[in-house]
Every structure is written in C-alpha cells, then in structure tokens.
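Presented sequentially are two complexes of subunit A, the first with subunit B as partner and the second with subunit C.
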Partner chain A sequence: MTGIETPLILYAKLILLTMVPFVLASQGTMLGGRTGVFNVAQEGIMLVSASIGFLVSFYSKSLTIGVISAMLVGGLFGLALAYFTTHLKMDQFVIGLALFFIGVGLSTLLPKLMIGVTLTPPLIPTLKDIPIPLLSKIPFIGEIFFNQNILVYGAVLVSVFLWWFLYKTSFGLSLRSTGEYPQAADSLGISVTTMRYLTAIVGGALIGIAGVYLPMVYTGTFTDGMVKGRGWLAIALTFFGGWKPINILIGSLFFAGIEVLSYKVQVSGSGIPYQFLLMLPYLATILVMVFTFKRSTIPGFLGQNYDREKRSL
Partner chain B sequence: MTIMAKSKPTILNTLIPYVAAILIALAAVGVFIALMGFDVLKAYYTILFTSFRTPNGFIQTLLKFIPLVLQAYAFTVPLAAGKFNIGGEGQLIVGAIGAAAVGILLPDLPPLLLIPLVLLGGIVAGALWGFIPGWLLYKFNINEILTTVLLNFVSFALINYVATGPWRDPAAGHPTTIPIGRGGYLPLLVDNPPLHAGIIIALLVAVAVYFYTTRSTAGYELVATGANPRAAGVFGINVKYMFVLSIVIAGGIGGLSGAIEVSGVQHRLIEGLQHNFLVLGLIIGLIAKGNNMAVPFVAFFIAVLEVGASAMQRTLMIPVEMVFIVEALVLLFVLLSDVVRRK
Partner chain C sequence: MADTPILVMKGIRKTFDKSVALDDVSFELNAREIHGLLGGNGAGKTTLMNILYGLYKKDSGEISLHEKKINISSPRDALHKHIGMVHQHFLQITSFTVLENIVLGTEIHNKYSMDLSVEATKIQALQNRFNLAVDLNISIGDLPMGTRQKVEILKALYRGAEILILDEPTTNLTPQEVDDLFKSLRVMVDQDLSIVFITHKLREVLSVCDRISVLRNGRNVVTLKRDEANEEAFVRGMVGDEMDIQNSVIFSRGKSGQIGAEHIRAEVCLHLDQVQLASQGSVPRLKDISFKLRHGEILGIAGVAGNGQRDLAEVILGITLPTGGKVELDAKDILAMPTNQRLESGIAYIPEDRLLDGFLPKASVAHNLILGFHRKAPYSSGGFINWNTVHRTAAELIKTYNIKTSGPSDVGGNLSGGNIQRVLIARAFSKPANLLVAHNPTRGLDIPSMDFVYSRILEEKKKGLATLLISEDLDELLLLCDRIAVLYRGELVGTLDRSKFEKYEIGRMMSGYRAEE
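Then we have the complex of A and B:
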C-alpha cells in the first residue's frame, strides 16, 4: 500500500464509525414522525440510555446486556411520550422537553448513586471490530466497510430494513398514512393509536442504542453531558434527510464527516483556535438547514395529536 | 399554544393542582430516597426549610432567584408568541461575554457610567445572539427550537475562547478572564452575607414583562400572535416580525442575566457561569404554563428547592440531582392536572 492510502482508509473508516449515533437517533426520530409523533427528547434519552447502558455493562460485565438495557430505557421513554401525547393528548413539544429534563437528571444522578465519585473513571471494554470473512480482505473497501464494530453494520441494516418496511410492505404504507392523514387512515380501520405507540417505542429504543454507543465505542465510561448535542443534531439530520430512511443514512455521512473533520483538524495543529473547530458541527448544521429546510418534505401530521372525535382539520 | 391558561380560575382553583403536584412529586422521590437508605424526613426538611432558617439561606435563595427568573422570562416571552426559545443559556453566555468585554475595556469609568454600560453590553450581546435564530426563522422559516439549542453549543466554545484568550487571568487554573473595572460591580444591598442589587433589576424586569404582555398594545400584538397567528395576520399584525421581536427580547433578557452574573456575582468571565440555569428556567416557565404573573413565584419556589438541595448534598450526602428529578416531576404532574380538569 502506498503512503496516501492508509490515512484515507482510516479517515473513511472513522466517518462510518462516527455516523452510527446520528443514523440510529435520526431513524428513531423519523419512525415516530412517520405516525405524527415528533420526539424532541433525543438528547435526554441518549444521555439516560448511555448512563444506564454503561452502568449495566459495568456491573454485568456484558456489553450485550448493556445495549439491551439501553434499548429498554429508550423504549420506555418512547412509551411515555406516546402515552402522554396519544392517550392524554398533551402538547408534544412540552412533553418532549419534560422527558428531556428527566433524562438529563437521571443520567447524572444514577452514576453518582451507584458508583459515587472516583478518582479514576470506571471503565467498560469498548466494542471490538468484527471483520466479515472474505469481504474484509478486499483491498481498500474491505477495511472501510467490512471491518467495523457490530453497531456500524447494525445501523446500515436498520436503515435498509426501515426503507423496505416503510415503502415495500403494506403495513409500512398503513403506518405512513397515519402520519400523513390520520382521518383517512382511521376510516380504513387502521388504528392510529397502535401505530403511534409502536413507532414511538421502537423509535425510542433506536435512540437508546444511539446513546449507549458513545460510552461503548468512544470513551469506555459515562461522563456528564457526553452526548454534546448529537440528539439535537439528529433532529436536524432527520429534516435534512426529508424523513426518508435512505436519505437519512446518506445525510449522516455528512454529519459524521464534519465531526471527524473538526476532530482531525484539532489534533493536526493547524493554528486555527480549536474552539472554532468545536463550533463547526453546530454551525454547519445551521447552514445545512438554511439550504434544505424549505425543500424538506415532512409528514403531514407531524407533531400534532389526533383526536378522532374532532371534526376535520 | 395549548399550555396557555384559557379561562379565569380563582386563586384557590389555581393553587390546588400545584400543591397536589408538589406533594405527589415529593412522595414519589421520597420512596426512592428511602429505598436508597437515606433519611427522607431529614432530607425534605433540609430541602424545604434551608432558605428560611437563616439570613444566609434566604439571601442564597434570592441570589439563585435572579438568574432563574430571568431565564424563565427568556423562555416565556417568546412562548407568548408561540415560539420556543431553548437558547437562554447561549444568550446568557454571550451576554456575559459582552458585559465582561465592556467592563474590561473601560476599567476606569465611575460606577454611575460603568454599571449601566456593563448591563447594556450584556443586553445588546444577548439580543444579537437571539436575533440570529429570529432572522433564520424570518428569512428561511427554520425551526427556532433547533437553532436556539445549537447556538448554545456554539456559545460554549465561544466563552472558552474568550476566557483563554488575551484577557485570560494567568493565575486562575480554570478558564477565567481578568476582573472587570471596580466601577462595574453591582452595589451591595446587604453586606454580610452579600446580596447585590441584581435582585432589584430582576424584579423590575418582572414588572416590565407583566406590563408589556398584559397592559400594552405591543404586548397585545405579541399575545394575539401566539393565540392565533392567522387571525392576528388578518388584523394587520406582522406575525413574522412579532416572532423575531419576541426572540430578540428574550435574548436581551437572557443577556441581562449573564451581565448580572458578571457584574454582581463573579466580577469576571468564568467558563461554566451558566450552571444549569437554562433547564431550570424552562421548567419554571412550563410549570407557570407561560403565565408571566406566575413566573416569579414559581422561580422563587425552585430557588428554595435548589438552595435546599445543595445543603442536603453537603449534610446528608444525597446528590443534588435528586431534587432535579423532583422539579421535573412537579412539572409533569402540573401538566397532568390540566388533563384531569379537562375530563
């Protein structure tokens, strides 16, 4: 291999690795939105899932159990969101913010109660790369695409599966119809309530995995506020991807690319004050919204509660 | 927005759900505290009464109240127009930077000039920071929730840059600037324990917001915009302009809270001076259901809990975050009480 190829491969590999929390959190947001449930608690759900997922892995010595517990936590928050908005018809933004607060609070409270303050942070092993037999031996591409941790494969598979499910199955069509025009869906005998619960819970679980990915891949431990706005960025990514699974997957490459760039330029010693590089992901996202927000197609009933007793729109 | 109060209930009717929400939240967390093996009664006694047992406790509470009430208004004023400003934290930080810049660049001015200039520096900087999401909303129709939140993260990097730049205090281990001019310090109302004049400013803002939103034409246009943007537009109110204005005013109030932290508390710019004021401000605004009359009372209650929480952590080793859960649950139960009443 020549000199230029190795850094390029590492760079591409790093982008795919960084893409995962964006993809999962954004697909979770998209799924809920497709039935009209607009989750804005991502940041809180990711934090509390990262915290609990980390603690469970630490005590059970099993990353698998840690990931499952993070999914359960995320699903539980999704269930709460669905219950308060679908059943009790409370304002989606307000409930989302309340769940965000609870997530943030629990995420710092639980490690303090369970582990306390320690001089050296408690560590869990990070997820290992799993090379896919044969495919990982392909020069160039093999190392980038087929020698990653399991959640990188998982994120891509989930995205493709969601595309197939939403666009190629009749159940997916019914599901989408509840977010576009619930009255029509309801009149066809599709249960808007069931669809909303289902997507909010599964969406929450995906956001939960996105959260626990951070301690499991990046740090090996939980630190306060470690999500660093990725939950909010995921909402922007969802709009950027036009609430479509494959577009979100592609869009996440851009978000991950900016994060990797910001990090790489910081360590390269370019002379640019590192604080401005820290701003880059957020500023780039705002800029992207300027260019894509108007053209983004959003589910027709996004963020609104459906009441079948109410007359028309 | 549906969370605005619609009918005119009596004071008693208003208070009952709040008291119930507080009791249920305390009970729920109390079970948790007991299960963790702590003394629940002692914990709650500390949380609720630290503010009222000693003059020091009461003044600590007033000092906490100042940033909290201002952060709450930075949220509720745009909420009256139907817009969610989650950027009070960034507006506070940038306001603090503006205030510190004025105080450091003009160190020799007398208090009569420097105090107003420092405060104004904070207000203007915060209002400009609020103008960015306002303008993006006006021009490109970009959701203000996202832009205001994302700008908070930009402000974290900005304050670090300023506090480690040319104004850095080399003696401090933590990113901190040199102090502002002596003339920029807010005067003390009580010397020991110190209570600075920021409390008067906060109360003036409370009165001003109340009169603006309920007694002025401009404020009526704001509320009308929030109640029904389409109807407001038909009656000739420039709805989009009202959106921008509401976020700019919020930015000014948020900036003022930063300026008060600089000129009243820290006397310099310190990274992290925003604490968790934003989230508490949001909780206050939501518990008050956007009612600007109720905001100061709720803010005082939350300040009592916060001061009690620190005391509880010191004496009983129960983490302060426990009280944060109480606050979040109070919010949830207050919101739920509306559902109960609707049925």
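Then we have the complex of A and C:
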C-alpha cells in the first residue's frame, strides 16, 4: 500500500459499496419477474429483513447467522407472494402492497418488543473489508474492486451467475418461458407453479440480503424506515436494466453513483437541493423506458396469474 | 390398415362451472389414420382433445392407449405417452428463436452452455423426413403464420409424438399453405403416425381425413369412414334438425345462380381515397387505400390476420384518424366527424373483438343492446334514460334475433359467444344504416348462427345496405361478396370481381403477390 488514496478512489469504492442493496434487490425482482411474479413489496421485505437480521445478529453475535435469517425472512415473504398468487390466484399488486405494509409494520414492532426503547442504540459490528490476495495490491483498481466487504463480491457474482443461469442453461430457458408465455411452457410439460414458487422464494431471499446489508454496513443498528425508498428504486432499476442481470448490475452503478452524489451535495452546501438528485434515478428510468419501449424486454406475462383451465371466449 | 384402435376415450364428461361441455363422449383412433373431429363452435372438439392432452381434467370417463388404461393429468404425462398437440393459437414464445421454441422443456445435451448443435442436427433430420423446412435461428415472432405452424408440428414430432392432435390447423393459412400442410400430414401417416384433425370446415375433413367423427353440443353424433359418407350426412350431423339446410345461405347460396348482383346501385356509399396511416415506427399501417363501395354491394376484404384489417375498420369508424387521404360517406367528407356522429349518420359496426370492443360483460343484455344509442330518443330524454322503452325494445330484439337469454336484465357475461355476437348484430341492425362495417362477424359462431348472420346481411343488401365485410375466413368471403379486395401489409394488392373469384389466386395475393391485371 503506497498510502496515497485520492478522493477519487474513495468515491469509486463508495459507489461499489452503495451498489449492493440495489443489485441484490433488483436481481431478486428480476428473477421473480422472469416467471411472471411481479414483486412490489421490496421496500417492506428489505425493512423487515433488516430488522430481523439485525436482531438475530445482535443476539447470536454472528453476522453470518444474521444474513441467513434475513434470507429466510425474505424467502418467506416470497413464498407468501407465490402462494397467494399462484394457488389462490389473487391479484399480484394487491398482495405485494399488503406484504409491503406487513413488512414495514413488523420491522418497527419487533425491535420495540425485543429490545425496547433505549437511550443508546444497540450495535452490531459492521462487515469488514476483505482484501483479495494479490489483486488488492494492484494500484487504484485493487483498492476499488478487491478490497471490499464480502457482499460486494457476492452481489457481482450473483449477477454473473444469474446471467449464465438464465441464458446458458436449459433450466434457465424453461424458467424464462414461464414468464413469457405460461400456456406455452405448460403445454410442454414445464411446471409454471414450481418455477414461480422457486423464483419468488429465491428472489425474496436476495431482497432480504439487500435489506440486512444496511444495518450491517451503514449503521450497525436498525432504525425505522432505514431503507429510505431503495426498495422502490429497485423496481425502477429492474425496468431500467431491461430485466437483464448484467444490465441491472451496470444500472445499479448509476443508481449508487447518484446516491453517493446526493450525500456529497448535502454536506458540500452547493445549493442544489439533494431531493432533486434523489429524483434522478426515477427520471432516468422513465427516459430509458420511453426510448427502449419498442424493443421492450419486459417479460410478456409479468404480473399476470396463470390458470390452466380458464377458458377464453 | 389395422382396425384395432390404438386410442380409446370412453364416456368422457366435462363441465365448466354449470355448463356441460362434454356429455358421455367417446372417441377412437386407429393406427395410421387421419381422424377428422368435426363440429361447429362450442361442440366440444377442443375440450375433448385438451382432456387427452392433459390440459383439462375430465369429470368422468376412461382413456386407454394400446389397450391399457391410462391417466393423463398434465401435458407432461401426455408427452410421455407420445401424444402431441398443435393448438389453434400457437403456443410459442415470440422472443425465442425457432430452435429454442422446439427444444424448450426437453433434455438438452449441452445443458450448461446451451450449445444446441446436437439438437439442431436432430431437428434437421426431422425436417427432411417430413418435409417441414424452417430456418431454426430466426426469432419466431418474425415468421409468417404458415411457417409458425410448421414449428408447432416440429415441436410435437421432436418430442416423439406418435399421436398428433391438430386443432383447427388451417386458421390463418393461405390455400397454398393448406395444401402443403395436407401433404405433410400424409407423409406422417405413411411413417406410422396417427393424427386427430379438429376442424369446423367440412371441405377440409373430406379432402384429408380417413375417418370422421361429428360432435354437436358436447355429444357424439356419428363416426363414419370417408368413403362411406356423403356430405349431407355430415352437414346434418353438425347442425342438427334445427336448421333448414335447403334454404340456408351456407348450403344453398349460389347453387341457383342467384347472387344478388342486381341489387347493386349506382350511388357510391363509401369512398376511400389514398388513405394513409403511418405508425409510430417505420412501417406504414395503411398505405394508399382507395376503393369505392356502392349501395347494395358487399365488398370483402381478405387477408391473413394482422395485415391492417383492424386499422382499416377503425379509420372508417373514426376510432383511428388517418394521416392522409379522404374518407367520404355518401359523397360527404366525414374525416372531421367523431365516431358517435358517424354511427348516427348511418354507419353500423360489428367490431372484430367482441369482448374487447363491442360488449360489456357486466352490464345487462338490454344495456348492451342500446349501447351507443343510449343518449338519443327514444331511449333517452333530457339526459335521463327511459328504461321502459329500453326494456321493451330489448325484449323485441331478443325475440327477433333469437338471443338465448333469460331476459333483458340478464347479465351480458352469462351469454355464450354465439349469443353475444347476436346481440352485436341486433344492435348493428336495430336502426337504419346505409353502411355496415363487419369485421369477422361470424368468428366463433356455430353454423346456424353463422347462417343467421349471412341471411341478415343479404336481406339488408336487398334494401340497399353497403357492406364492407372484413374477414379472415375465405370461404365466407367467397360465399357472400360481390367483390373481394386483398389486404397485405396495409396495402390493397388487388381486387377481384365475383366472376373471377378463384381461391388460389386470392391465396397468392394474401401472401403479397399482386393481382395479374
């Protein structure tokens, strides 16, 4: 280590760090959407996973167990979404919104019940940077890319894995077919129900990790409403990235960049209201959708339930 | 040909909520035969085969294959038993390539890299064997209907189908493509396949099938060998005793030479001049459409679905505004007129998609019958609807048009497809009109209902009604029209007079060849 760290390197490193919740929550959304399950409860799932993940880490003194518990919570919410929409054929948006509110409610209730109101917040240790041998020694790049916490590496690996899984395996082809045209998939013996359960649960688990990342990396504690709209942004980001894993990864760099910029603006006193910057990702998403509308890559049956015996006149 | 059946379905019953779709239906398929399953819409043909393919669960009944009782509860089971089905609406994923569509859901040799060369070679062998050439690497949404059909058949063959079910396979095909399909079917049967051919078109079963079973209202009517049967028996089987075949439009029109050309008057009713409709992208949706339609004339617009038929109808109704050209009704420019005024000034419209554009499933039958006229006398005065008049008129229309419903206040959604169409027709004809724009007016109707629609159109023609009949059913156009124009990619590629009607010529034009002048 030369000891020379320019602000630019710190800034780049911070963007990668900030990218993780966007990447994981959006990949989770994308995965469910690829089979037709449109999750809109990200904000709530992230909050409740952050809350429970934090509590479990606090009591078990293990961040690993905390992450696992957040995955389970996220997966459970995904399971609920899948059950209500595939088995009971209820409207996906209505169920998604209900799960959002349940998540928000539980996230504030549980810490109050278990810890109560304290003057100093209970703290857990935050995730440590893990330098990768050799690679982290590369000037500039090493510090930015190879000296990060484990979930930064994980988020990139998950994205690459999902790309390979969806586009380079026969299982991925079957999976995508259920979101494009479930009738076609069903007629070829592919179980639409199984695929939807699977992706809703795994997608929910990814969103869960995205939630617990916040107390584990940013604050060391859980505070009410700490997700601050990142869940909603994840939906926008999924559209921004055209429901494609690699594009989502790239898009999340942009979203993270704006988040970091908005912090900088707040402390610099430049006169630009930071709320304006927070609006930019949504604006960018709308612009991207306007211009790519013709070549829309949104799954054909996104948000629509499938009923084999439903007759169309 | 072995006469022992390889497949037997016995006593099949299926209900949807309260309506009985199939009642004690039996069906037998022999080895190496093409078995036609004939019947009007709602007869239960598709339901029966969907049960065989595992898409629907039967309420009761037995299925046995090779003399062994089997249980099929999903398409996966059916595929395992070597039963394949080609659905009327292709079950294809338009963003996938042909190759991906064919191998979807099967074991893939290189399943962790999606290198599909092994599969492509297998498929090419099938293509050669059954004469079904398709480029495998094209995105399937870019292919014409006839080619997409071949892909559906290849999908079934690739999964090792020995019994192949084809549901209305000739919908959307040109006559040439139909001939090619029939040739391929013969090759398949010669190579040990057995085929079930579902259709409502009598001529098709007679030209390709070895045996024919007729269904009506969810019941078996008759099963006959092709060479033992005459046309009359099948017609009677399909329509039952309710219909007067001798005096029907479908079975008697043209036989006496009378086609109604004498009713065509000199005055032009509808005149389109150089009508253009540019789409948001690059391809124009309508290009240089010009024609004159006279009073008392029926002009048919033929073409494969999706070539601009809907845009044409909507431009005439004012639902879509053209980007160029003129539309005149009785020599008056109507371009500036909004749709409701056009309807008031004498245009009647039967839209293509009855559920989307023409019917309110949650409103009552009476509401539906006056929809669009509800703001005018006699139904409305001073902004209030006069329900007594509405119900009285509705009751009369229900009687005249033979709509099967419990009464004017019955909920629209309770009606069957055929009866919904009768409501739309009653509405279109319930007030004086001089132009009728009818888009696929008989799609999904049973034969008596179809005949009813035809006879109404012909009756109004005598009174001077000009009809623009936009239809994807070529037989319907050939039966009714004085002239047929063919629409291809938003352009009229030619117009033929009745004396020059020729199925194959129209088929050529439907695939884009211009008429020989």
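In the analysis below, the second predicted complex is superposed on the first by the 279 of 313 C-alpha atoms of A that agree within 3 Å, B and C clash if a C-alpha of one lies under 4 Å from a C-alpha of the other, contacts with A are read in each partner's own complex, and residues count from 1 in each chain.
What we mean here is this: a residue touches a chain if its C-beta (ideal position, glycine included) is under 8 Å from a C-beta of that chain, and two chains touch if they have at least 3 such contacts.
Since we're looking at a predicted model, the values are computed, not measured.
In the superposition on chain A, contact of A:Leu109 is made with subunit B only, not with subunit C. In the superposed model, A:Lys168 lies in contact with subunit C only, and not with subunit B. In the superposed pair of complexes, A:Lys264 makes contact with neither subunit B nor subunit C.
When both complexes are overlaid on chain A, the residue A:Ser177 reaches subunit C alone and has no touch with subunit B. Of the two partner chains placed around the shared chain by superposition, subunit B is the only one that A:Leu97 touches, whereas subunit C remains out of contact. When the two complexes are overlaid on their common chain A, residue A:Ser187 makes contact with subunit C while staying clear of subunit B. Which of subunit B and subunit C touches more residues of subunit A is settled by the count: it is B.
Put simply, subunit A uses residues 294 to touch subunit B in one complex and subunit C in the other. Within the complex, the subunit B residues that touch subunit A are 1-3, 36, 84, 86, 136, 140-143, 145-147, 149-154, 156-158, 160-161, 279, 282-283, 286, 319, 321-322, 324-325, 327-329, 331-332, 335-336, 338-339.
Against subunit B, in their complex, subunit A makes its touches with residues 40, 88-91, 93-95, 97-98, 101-102, 104-106, 108-109, 112-113, 228-229, 232-233, 235-236, 239, 273, 275-276, 278-279, 282-283, 285-286, 289-290, 293-294. By the touch criterion stated above, subunit A contacts subunit C in their complex at residues 167-174, 177, 180-181, 183-191, 294, 300, 308-309, 311, 313.
Within the complex formed with subunit A, the residues of subunit C that make contact are 16, 53, 55-57, 74-76, 79, 85, 87, 91-96, 100-101, 103-108, 111-114, 155, 159, 281, 354-355, 417, 420, 444.
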